[in-house]
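Going in written order, the chains are labelled A, B, C and D, and every chain counts its residues from 1.
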Amino acid sequence: MTKLKWGMVGGGEGSQIGPAHRLGAQADGLFEFAAGALDHRAEAGRAYAQRLGIAADRAYGDWQEMLADEKGRADRVDLVTVATPNSTHFEITKAFLEAGFNVLCEKPMTLNVEEGEEIVRVAKASGKICAVNYCYSAYPMVRQARAMVRAGELGKIRLIVTNFSHGHHGDATDADNPRVRWRYDPAMAGVSGQFADCGIHAMHMASFISGNTVEKLSADFASTIASRQLEDDAMVNFRMSGGTVGRLWTSSVAIGRQHGFDIQVFGETGGLRWASEQPNQLIYTPVGGRTQIIEKGEGGLHEDAKRLSRVSIAHPEGFPLAVANIYCDLADAIRGTARDGLPTAEDGLRSMAAVYAAVASAKEDGAWQDARPPMFR
Amino acid sequence: MTKLKWGMVGGGEGSQIGPAHRLGAQADGLFEFAAGALDHRAEAGRAYAQRLGIAADRAYGDWQEMLADEKGRADRVDLVTVATPNSTHFEITKAFLEAGFNVLCEKPMTLNVEEGEEIVRVAKASGKICAVNYCYSAYPMVRQARAMVRAGELGKIRLIVTNFSHGHHGDATDADNPRVRWRYDPAMAGVSGQFADCGIHAMHMASFISGNTVEKLSADFASTIASRQLEDDAMVNFRMSGGTVGRLWTSSVAIGRQHGFDIQVFGETGGLRWASEQPNQLIYTPVGGRTQIIEKGEGGLHEDAKRLSRVSIAHPEGFPLAVANIYCDLADAIRGTARDGLPTAEDGLRSMAAVYAAVASAKEDGAWQDARPPMFR
Amino acid sequence: MTKLKWGMVGGGEGSQIGPAHRLGAQADGLFEFAAGALDHRAEAGRAYAQRLGIAADRAYGDWQEMLADEKGRADRVDLVTVATPNSTHFEITKAFLEAGFNVLCEKPMTLNVEEGEEIVRVAKASGKICAVNYCYSAYPMVRQARAMVRAGELGKIRLIVTNFSHGHHGDATDADNPRVRWRYDPAMAGVSGQFADCGIHAMHMASFISGNTVEKLSADFASTIASRQLEDDAMVNFRMSGGTVGRLWTSSVAIGRQHGFDIQVFGETGGLRWASEQPNQLIYTPVGGRTQIIEKGEGGLHEDAKRLSRVSIAHPEGFPLAVANIYCDLADAIRGTARDGLPTAEDGLRSMAAVYAAVASAKEDGAWQDARPPMFR
Amino acid sequence: MTKLKWGMVGGGEGSQIGPAHRLGAQADGLFEFAAGALDHRAEAGRAYAQRLGIAADRAYGDWQEMLADEKGRADRVDLVTVATPNSTHFEITKAFLEAGFNVLCEKPMTLNVEEGEEIVRVAKASGKICAVNYCYSAYPMVRQARAMVRAGELGKIRLIVTNFSHGHHGDATDADNPRVRWRYDPAMAGVSGQFADCGIHAMHMASFISGNTVEKLSADFASTIASRQLEDDAMVNFRMSGGTVGRLWTSSVAIGRQHGFDIQVFGETGGLRWASEQPNQLIYTPVGGRTQIIEKGEGGLHEDAKRLSRVSIAHPEGFPLAVANIYCDLADAIRGTARDGLPTAEDGLRSMAAVYAAVASAKEDGAWQDARPPMFR
């Protein structure tokens, strides 16, 4: 099977996200890194792309150049990953979709709801894939959770409780560090800090596993370090289609938590727990029964959990291979096997609608807000 | 040192709480079980008390008889534990206090705020001890947490996140079981279900460790099993004196959680985590440092953590000895050594004010409510 | 039910073990502390006993005096606990048994095999109970493990792996501290250090759960701190009746382990794991199935696990109540309900035979030794 | 930087190990998969290689053909991975080394000590790299452990306790399954079953972290399923250079353990614990201090731990990327940056010497054996 051709916008030298995408795309030998506009400094980007093995004529100075050239090539890239600063996601994603490319966009897909709706419309019109990198959803045991819920193994889902909290911005003496400060500055981060940065992963997961969408929410935001304009801690209560109650806590001042993303799903006939720091186990309790540990790689898992695991039971697989799983699903989708677990533009849009609803609610002392994008109301 | 004399109202044959108090009072040899009105069926109570070793003339048929007789005795009991059904706590506690007895009342101390304020006034006027059995606060490592916070080891407390969730009422096919059903029936349980039953332990703990009181709150209640009138799941956001942000989740439908009471305390210079299912460890992370495990019994603990532990490091001590620690503090207090960790009538009152504020908030879609008892506003 | 009368030899002021026994005997209100010879300093012992509430005429100066007086009393104690220094256990236990008292002896029951056999003979001849305080065996979930094995739920037991390791003697700069040093000095500790101190608990547990006895063993001893004459680390391989393979590691220089006593039992159709630092859970895996967490207090436990638990599921019970469970079984046994889980003089003897076999094996480079007491060969 | 050229012998369609090596070599974009003799069925191997993207003229029918052709090419592969059945490792590895290729050989490197010594000699004479795939040693936190020990942070290492136990061969009803049976059949597996299969990983790790070599050992083997000729459970006590005491348990009948590879290292001034099922944490306790959790990605780690981690703190990295780390070190070594953590032919030889010593010891009832290869005595 010949490799698919892959290009990236952003992810230049020194970025954290570039290596993650390169590993994700190449780990399973599915994609060849064929083109890139990796840096806003044109020459630096061209040179770095070539050092990474991209041919000189596809090592572009900017994304416009890349778009213009690639769309005319017979061997144009099959997929473009957009890993640029957040404020540029909309424009680049839209342009590549309109030119007929498949796109994987980093989160957040856009900065507001209107742009999100536009991407959904453009993606639909283009007939191309527009995926968003909610990569936690591609862990095998998250797929197992989703498959169990969809197979009715937990009955109707009553309640979802999810947290995404860390303490890495908890040091007030480090709050003016530019690497930290921009996240709480509306001029740079937009309307929300911690909720938009981490919370939306947790909210996406609630929908991803349950199959229900978020309909309304109430939020309580706090800036526990006084100099911050945006929230560094948030609690969001929500209600989902089907009546599921949701509770989501996210924080960046929870000193001692490293990357505390976990989710608990409680249904009529059982409960599940998954945590991103121990991603290879899923904890399951049938109502009236004992808690069981479901292991990645054990016999009898649902198909998606099997398919997205590479090594046998109790050999841990981690975050980079969750990203790689997104690329596995993309490769399949590009080749014509639709993968219903792949997060899409619609997911990106729903996140943005939730962010704006949460910000509005927090400003109004927790008044409940419609969290659905207007186009889905 | 001669034992103190102890009496109990309630806790008759077959109750769960009676044995816990008997063990708590007697484990350390501090109290002699001298008197009791153990059952609302007078003869059964008298007989059971005598089987437990109480002399016939102090094995009473009801609490009124016990009160009348004991107050006239030279060797009257030094402490009365009130372990009767919730609706009777107020009346009995008040009567014994007014007669000059020290009282340990089971939680909830009263059914409403007005009665709570009355107990606070009566206790103050009597000059006697009125304690409430928030026994989780007496675990050695909870005392260590409190002492660390009070010594400033975490700096100002920014955020407290606490959960008290279990799944034992999650089986809808068991919801009509009378043992379960009464908890969600306003006629029997009052204004609140799960929050009043478990949530107030968590809310007390937030105040107990931080030293701050709850000032206002916003609540989201859910009855995830449709037949229930009262909530089986609740989220409460709150603000404390000193500006601490609080978040409290409590549930009885969290299938797979057994007794998930835990608390995380995040300050300017560190974070703590304690969980009731592993009560002998306290997890501590200094800002910028590594997570450490503080063990009951290790060298250098704060005085209260040392004092309330009986066996050496890594020999677990559990729930019954946390109850016993309440009795240790009571014995000291009765003998004149005030123990500032002992939960008091004021704590019982504050819980009731929080319950009513939460119920009001939940009814008004989460509108924030003053959570302070009127007498402390 | 009137309380049984209980006396103790040893356990004077400042000892660790005295309070553990007092709590164990009194926690459930089964025993009244009626007599004691608590200290080798006669006056100190008498005074302390009286401060603990013992009548002056039963606050004895030494055990001979206690024996002489008690055996003539109509209200003689029903049980004598021997909690004196190891070298005196044999003499005192034997004397009380011969005078017709029930005895609970601290471990090790004797200092050598011959004395152990003598106690077994004397106990048998007396018709009285001679128990040895292998208290870990009285945890509810250990009883559950034993009951599961005996009910055949794991099939034939192939393999037992147990550890009892801590690091509290790992600091070489503290090695001359008298509190530590005596344990590795043959003049004071006898033929074995860490194996005799902790290892025999683990070896007893292997027999206790499996119902098999240790037949032969091979030992590797090490003194990792050079100044020590006796071992501070030992590995013992053994074979049990029924063909079970055993592996036991014990250490006092395992820095970072607090009280690492755990046991894994592997049979034809399942495996179990129990750990003393989390004693309220038993981890069970049926062959070909998922790992399950069995909780103290859950429905459907075996009778012994139910009987020896005081509070409901997920309320931890710890070490002091395991000791109390020994006293519960003793009270039943004294009243005529034989409790087959109660560790006996035979267990004490088998431990001593294992210690001597291990010492001999270690001296002969691991040559296998018969580990059975001569009287059971 | 142009990619290095990489070839593989073995790892054909359906093998588990082939994909692991392909991912390991390609994940970081360091190697291009340029040549292969992937299957003992020549045509199947050629076809599969081409489906994986190898050019037709480098898709070989057998390793001899590959060797003959590659050694004459200007663009010959920079590295050959040998992932064939165990009995062929020696011959293939030797041939490629002698022809001047760098080799990564799967474990066990050879079937006996004599062959192992031959590989060491050939590798030395060739001046080429001969690495062996002890991939667990390449986890970042294992490298951190090694660096801490080497920096003296634990003082002299007194004791190492390591386990590699699972229960996947514990079902006697499955024992005749050919996939399981060959491992316990001397005709197919050689002189040792579980110890040679898993135990040598643990023994290598003891040397890898401590820097000490195994000098002598005593083994106890058991075949707990009667039909097995080779051991399915083994305990090995050993002594290392520098006086370190070692204890190693390995089992394949430990039902409920999945992949229980862990190691504890105890020195004069601290202890460490690492477990392969939670590979991103290292548990550290300084003598007299509290247990700390060292996280992959935290500030201040040793260089090797930093270098071999791809994503930030608390994003787990798992087994496939540990294999990739071996390839990272190989790429560096090929380019001239020697990596002292890379496991070499000497490690492969020492493992074989330990296997033969353990087999001999087990046959002689645990008599201690010299475990050093003759050439290093």
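Everything that follows uses one rule, which is that contacts are C-beta pairs under 8 Å (C-beta built on N, C-alpha and C of every residue); 3 or more make two chains touch, one makes a residue touch a chain.
As the structure is a computational prediction, the values presented were derived from the model and not from experiment.
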Common touching chains of chain D and chain A: B, C
Comparison of B-C and B-D by number of C-beta pairs in contact, larger one: B-C
Chain of greatest Cα-centre distance to chain B: D
Chain A and chain B, separation of their C-alpha mean positions in angstrom: 42
Interchain centroid distance [CA atoms averaged], chain B/chain D, Å: 55
Between chain B and chain C, centroid-to-centroid distance (C-alpha), Å: 35
Where chain A touches two or more other chains, by residue: 288, 291, 295
Contacting residues of chain A [partner chain B, same complex]: 158-159, 161, 165, 167, 170-172, 218, 220, 222, 224-225, 233, 235, 237, 245, 247, 249, 251, 253-257, 264, 266-268, 270-273, 283-288, 291, 365-368
Residues of chain C touching chain B in the complex: 1-3, 16, 19-20, 22-23, 26-29, 33, 51-53, 166, 168, 258-259, 276-280, 295, 310-321
Complex contact set, residues of chain D against chain B: 288, 290-295, 298-299
